[in-house]
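Labels run A, B and C following the written order; every chain starts at residue 1.
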Amino acid sequence: MLRRISTALYLRSWLLLLILLGPPLIWMTVIYLGSLFTLLINSFFHLDEFTGQVVRGFTLQNYFDLFAPANLDIFGRTAGMAAAVTLADTLIAFPLAYYMARFASQRVKSTLYLLVMIPLWSSYLVRVYAWRLILAKEGILSWLFEHLGLGFVLDGLLSLPAIGGPSLAISAIGMFLVFCYVWLPYMILPIQTALERVPRSLLEASADLGARPGYTFRRVILPLAFPGVVAGSIFTFSLTLGDFIIPASMGNSSYFIGQAVISIQGTSGNIPLAAAFTVGPIVIMIVYLLLAKRLGAFDAL
Amino acid sequence: MRSNPPLARDPAQEQASPLLKLAALAGLLFLHLPILIIFLYAFNTEETSFTFPPPGLTTRWLGEAFGRSDLWDALGLSLRVAFLATALALILGSLAAAAVYRSTFFGRDAISFLLVLPLALPGIVTGIALRSAIGMLHIPFSFFTIILGHATFCVVVVYNNVLARFRRMGGSLIEASMDLGADGFQTFRHIILPNIATALLAGGILAFALSFDEVIVTTFTAGQQETLPIWIFSQLTRPRERPVTNVVAMLVMAITFVPILIAHRLTQEK
Amino acid sequence: MPNANPPAIRFVDVKRFFGDVHAVDGVSLDIQDGEFFTMLGPSGSGKTTCLRLIAGFERPNAGQILLHGQDVSNLPPYERDVNTVFQDYALFPHMTVGDNIAYGLMIRKVAAEERRQRVEAMLEMVRLPGIANRKPSQLSGGQRQRVALARALINQPRVLLLDEPLGALDLKLRQQMQIELKTIQKRVGITFIFVTHDQEEALTMSDRIAVFNQGKIEQIGTPAEVYEHPATAFVAGFVGVSNLIQGEAARKITGSEAVFSIRPEKIHLAEPETPVPANSFGADGRIREVIYLGINTRYVVELDGGGELMVIQQNLNATSMDVLAARGQRVRLVWDCSHIRALGSAEAGKN
């Protein structure tokens, strides 16, 4: 009878724990950790040029290949974009997060929170697609620039080396805009959380001691908001580092890490090299996460 | 902290400077305007271009989109994948949340970390890791391998929601139920389930949204199958079907909006 | 006392550890049927753990627990004929008051009509008629507490456990509930086991009190016994005010260096040269502090021979002005020899 089973489990709480924890733990360990492990192992194999098969012998060749100038280029380009996006998103997110934390009434805050969450959870691809429409040569932004008589500004931007391109939709500037857009909610929320935790008494004390609002902002609020910024930057950095959708939709021929990984494993089936390539971002993110932990970002998550 | 109210506004205190309000509003608009653009373009008469302003408005593309069988196939696949992945995530996530809540055991904090890892690490890492493992075991890429990947990163969404609800519920409710004569199963049915129901629903909705929209891991774990995001992605890189894509984009946005709203409501503090 | 029936609860050298912490460290006791039994002690003394051991939420690491003669070590809470009123009431938020109270009956598949009637009867008994359709969130603290009581009592358990149920109530309400609980217990006639850290509450309500300290019981007895004849310095200090005198100061008063205690209300304040009657002790000193409390006044007196004694006097005739003026004056303390208690433990008690 059910009651007897229940009592048996009650008396042996380790058994109940096993039943509860077992399935998810087994799943995550076998499927996820297991995959990560095979990825790591694969990075030490290599692809035989002639047979096109993966040879299961230990070698560090893939890692050496990572340091080829072309590949270093890819890493640098991706990391540079990630850094730029992180910076820009911080600047855009901060006023909104600050307003939400400090000045919005409860009702307004709840609505704003919802408004920030909606883009976060609605289709990422659609939002990227929306920007293709906006940035297209005949699209809204061009039209806007033309109408404001600033067409030459746009042309000038687009003719810049490295970050320009035939149109906004196919340029690094365009990619930058889209990256900033899609990750923005990830930056707003942690900053808002961190700011909310600043007790008002600190600000009152600061004013009481004679500081003007600007000074209080710089010396009291900003440092306390910093862990939130770092927390948000984890997302923006990591997501940019691994993304291939946006570079594929809007980039020219120069690859980002994500695209490199796909093409390497896809066309040539060179999983070992792709694996080694992927280890790159993993390492970068681990270092970043450790740094962020030091800076107190995990409390703001 | 009673004596240290948080940063929120005291009605008697200062108002935000107009500059701040402007900057905040700008941020908000930046977030939402592009979405509105989609709606505009879905009704564009002009077939091949993205010209602004659109020359005319028509509903004819809606009709065309509905007639496309490949679109329906992709949608159907996405829905089936999302349902199964969500079901799996609900089970695994709830079990994990229950285990973490009721006992302290060695490695407890590690569980939360492990569960969030698929979302914390970039998608290509999860994607290619799964691909290399599946390939190594010579398993064919199929519907089931897609679900494998999706369920893995959806678990944590359910887990977080259910765990937070457990914590709010408090353990004395369960003890009270048992004290009054209900065994474990009866307690689950009468007390636990009703109290976590909305958390399950919210977590399920969010997991569904996550799976429905996912493209990166799916690219790596699918065989010939095409989910809706993969279909959209192919349009992004090799645009052939602009007007239909516009319609699809608009419909996807509209459809995901309502469940997000619901999930948000369900997780509000009473 | 010889009793044919087994005691309602019997602990035989029960121990419960949490890692290194000995929450319950060798507790043995008997609780009789129909008693109002209080477990009294400071936080962490083991009293709540003992309650949870009886309910079945904890299992002992050693020793035996018997409910009406039956060993319950392997019985989960839902198999024990015991019900609990929790400290936070633990009312099910998603059910109405009526469904909450009827929960135990529902589990046992009692018919709906009978449930309804019994719920109504219960609500009458706890003096909350007609609220069966409200939700717990709509009730005040005092009302919730009574609903929790009704929910437990409706199952007619042989033993009712109450875990500091009055802690969240304000003073007036608490005092009123103390009387009500006692009345209900007399009416229903079942064993009540009450956990509290408030010694006044314990003295008010109990038939017997067990004083807990650091996982062990220091004394079990009626309120009068525990108050008038504390077995150890801890009990003397925890139940009522501790007036401990030992060593040299004790010798000057009683002739012996052994520790003794004297209750503050048993001491008379007298003029400095008042003759000490036969069968009484006297001690001279100076009033160091006066605390006016409305009903009575506390005097802290520094003794010439060393040590301090607290004296409590009712303000029968004096006003606050009068008593406060006593500060600094010299006084002679006199009390009956029979009122002092020699103590077993040499440790200083705590208030």
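Definition applied: contacts are C-beta pairs under 8 Å (C-beta built on N, C-alpha and C of every residue); 3 or more make two chains touch, one makes a residue touch a chain.
No experiment lies behind these values; they were computed from the predicted model shown.
Q: Taking mean CA positions as centres, which chain lies farthest from chain C?
A: Between chain C and every other chain, the largest centroid distance is to A.
Q: By raw count of C-beta pairs in contact, what's the busiest chain pair here?
A: A-B
Q: Chain with the smallest distance from its CA centroid to the overall CA centroid?
A: B
Q: Roughly how far is chain A from chain B, going centre to centre by Cα mean, in whole Å?
A: Between these chains, centre-to-centre, one finds 16 Å.
Q: Please tell me the distance, in whole Å, between the geometric centres of chain B and chain C computed from their C-alpha atoms.
A: Their C-alpha centroids are separated by 54 Å.
Q: With chain centres defined as C-alpha means, what is the inter-centre distance between chain A and chain C in Å?
A: 59
Q: Out of chain C, which residues touch more than one other chain, so two or more?
A: 76
Q: Hunt down the residues of chain A that sit against at least two other chains at once, touch-wise.
A: In chain A, 6-7, 10 touch at least two other chains.
Q: Hey, what residues on chain B touch two or more of the other chains?
A: Counting only residues that touch two or more other chains, chain B contributes 183.
Q: For chain C, which residues are in contact with chain A within the complex?
A: It comes out as residues 59, 74, 76, 79.
Q: For the complex, give me every residue of chain A touching chain C.
A: Touch residues, chain A against chain C: 6-7, 10-11.
Q: Write out the stretch or stretches of chain C touching chain B in their complex.
A: 55-57, 76-78, 82-84, 86, 88, 90-94, 103-104, 106-108, 137, 151-152, 155
Q: Show me the residue ranges of chain B that touch chain C in the complex, using the header's touch definition.
A: Result: residues 170, 172-173, 175-183, 186, 190-191, 194-195, 270 of chain B touch chain C.
Q: Mind pulling up the chain B residues that touch chain A in the complex?
A: Chain B reaches chain A through residues 1, 3-10, 15-16, 20-21, 23-24, 26-28, 30-32, 34-35, 37-38, 41, 49-53, 91-93, 95-96, 98-99, 102-103, 105, 111, 114-115, 117-118, 120-126, 128-136, 148, 151-152, 155, 183-185, 206, 209-210, 212-213, 215-216, 219, 229, 232-233, 235-237, 245-246, 249, 252-253, 256-257, 260-261, 264, 268.
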